[in-house]
Amino acid sequence: MPHVQITWVAGRSAEQKRKIVERVTQALVEEGRAKIENIHVTFNDLPATDYAEAGVLVADQKRAP
Amino acid sequence: MPHVQITWVAGRSAEQKRKIVERVTQALVEEGRAKIENIHVTFNDLPATDYAEAGVLVADQKRAP
Amino acid sequence: MPHVQITWVAGRSAEQKRKIVERVTQALVEEGRAKIENIHVTFNDLPATDYAEAGVLVADQKRAP
Amino acid sequence: MPHVQITWVAGRSAEQKRKIVERVTQALVEEGRAKIENIHVTFNDLPATDYAEAGVLVADQKRAP
Amino acid sequence: MPHVQITWVAGRSAEQKRKIVERVTQALVEEGRAKIENIHVTFNDLPATDYAEAGVLVADQKRAP
Amino acid sequence: MPHVQITWVAGRSAEQKRKIVERVTQALVEEGRAKIENIHVTFNDLPATDYAEAGVLVADQKRAP
């Protein structure tokens, strides 16, 4: 432990994910005393039709100018 | 908050998701006193080989007549 | 299917959850053609120290006047 | 209930998933007294860039000889 | 990986969970070729007011004779 | 978006969570170009009987000297 799940709309590169994993893992080790070898981080990349905020799909938010 | 995750077998259109998001968001505002701007709804669309009920994959249920 | 998970800060009554379950379930049946007997809805009630928005714990938001 | 979510890097066949579903479902019925008709199992297959262990993406682990 | 999350209504003992963990872990090793040291299993024990099936809270199901 | 869920065995203070939230949120803004106002972070604190690694409950790991 711990297990970290990051759910968002797809669009980030592997390089961006690599950096996020490093920083999130480091934060959990330094602030949460987690053992690095047990830290799992997963990304759940969703299409813009599968994430909604305030009752509106992200796909529809994009239509706004 | 809140965050709502809906996991099911893929097959619904963006229009269907749009309506579900509206109704779920409205229910949380009206019955749960959630603030609309903080409500997130996500859909996790899975292939029929990745969802099982009662020990049987949905993909295998479909084979039944 | 589907499985619906609602994660928020604790504070709603069973009666509020009952109504939300009814409306969410109905929305999935009517708009998503889900079979009612397979719809599962779960609530994940968290303490205010375990939910953060925009980098701030909900527990700390409450301190604001 | 219960709902079982299995998150891992993609690569298993439908046949492998079928067997895992059977054994997990059986374990929950026999050891956990769950009713078989209410047991849902879902697989969340992720690309190797979307799962990290110990601060390293699985995609990068594979580069090691 | 993998990460297995089991969500249900509370009521099982540590001993029951111990057995379920053993069998689920074994199934993933034998059928899914997962490495045992990377398998995480978590239980999400919910009150009966926080799990609904077919539009009805488990707490309300219990009222039925 | 995004929504970040951190699942682990309970035991960290609100102050530790506060710092983790800040660093995780910052990492997502700086490396992932997420908008800070839409970032949600939740902690899922579990008892030591509800998290297992390598087939062993954390509660049982603690028994080892």
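Lettered A, B, C, D, E and F in written order, each chain numbered from 1.
Keep this in mind: contacts are C-beta pairs under 8 Å (C-beta built on N, C-alpha and C of every residue); 3 or more make two chains touch, one makes a residue touch a chain.
Keep in mind the model is a prediction, meaning the values are calculated, not measured.
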Fewest touching-chain hops separating chain D from chain F: 2
Farthest chain (mean CA position) relative to chain D: C
Fraction-based call for chain E against chain D, same above half, different below: same
Rounded Å distance between chain C and chain E, as computed from the means of their C-alpha atoms: 20
Interface hub residues of chain A, defined as touching at least two other chains: 1, 3, 5, 7, 26, 38, 40, 42, 44, 51, 53
Chain contact topology (line, ring, star, complete or other): other
Chain pairs that touch, as defined at the top of this document: A-B, A-D, A-E, A-F, B-C, B-D, B-F, C-D, C-E, C-F, D-E, E-F
Of chain C, residues touching chain D in the complex: 1, 3, 38, 40, 42
Touching residues (chain side chain B, partner chain C) in the complex: 1-9, 12, 16, 19-20, 23-24, 26-28, 31-34, 38, 51, 53, 58
Interfacial residue positions of chain C with respect to chain F in the complex: 7, 44, 46, 49-57, 59-60
List of chain E residues in touch with chain F within their complex: 5, 14, 17-18, 21-22, 25-26, 36-45
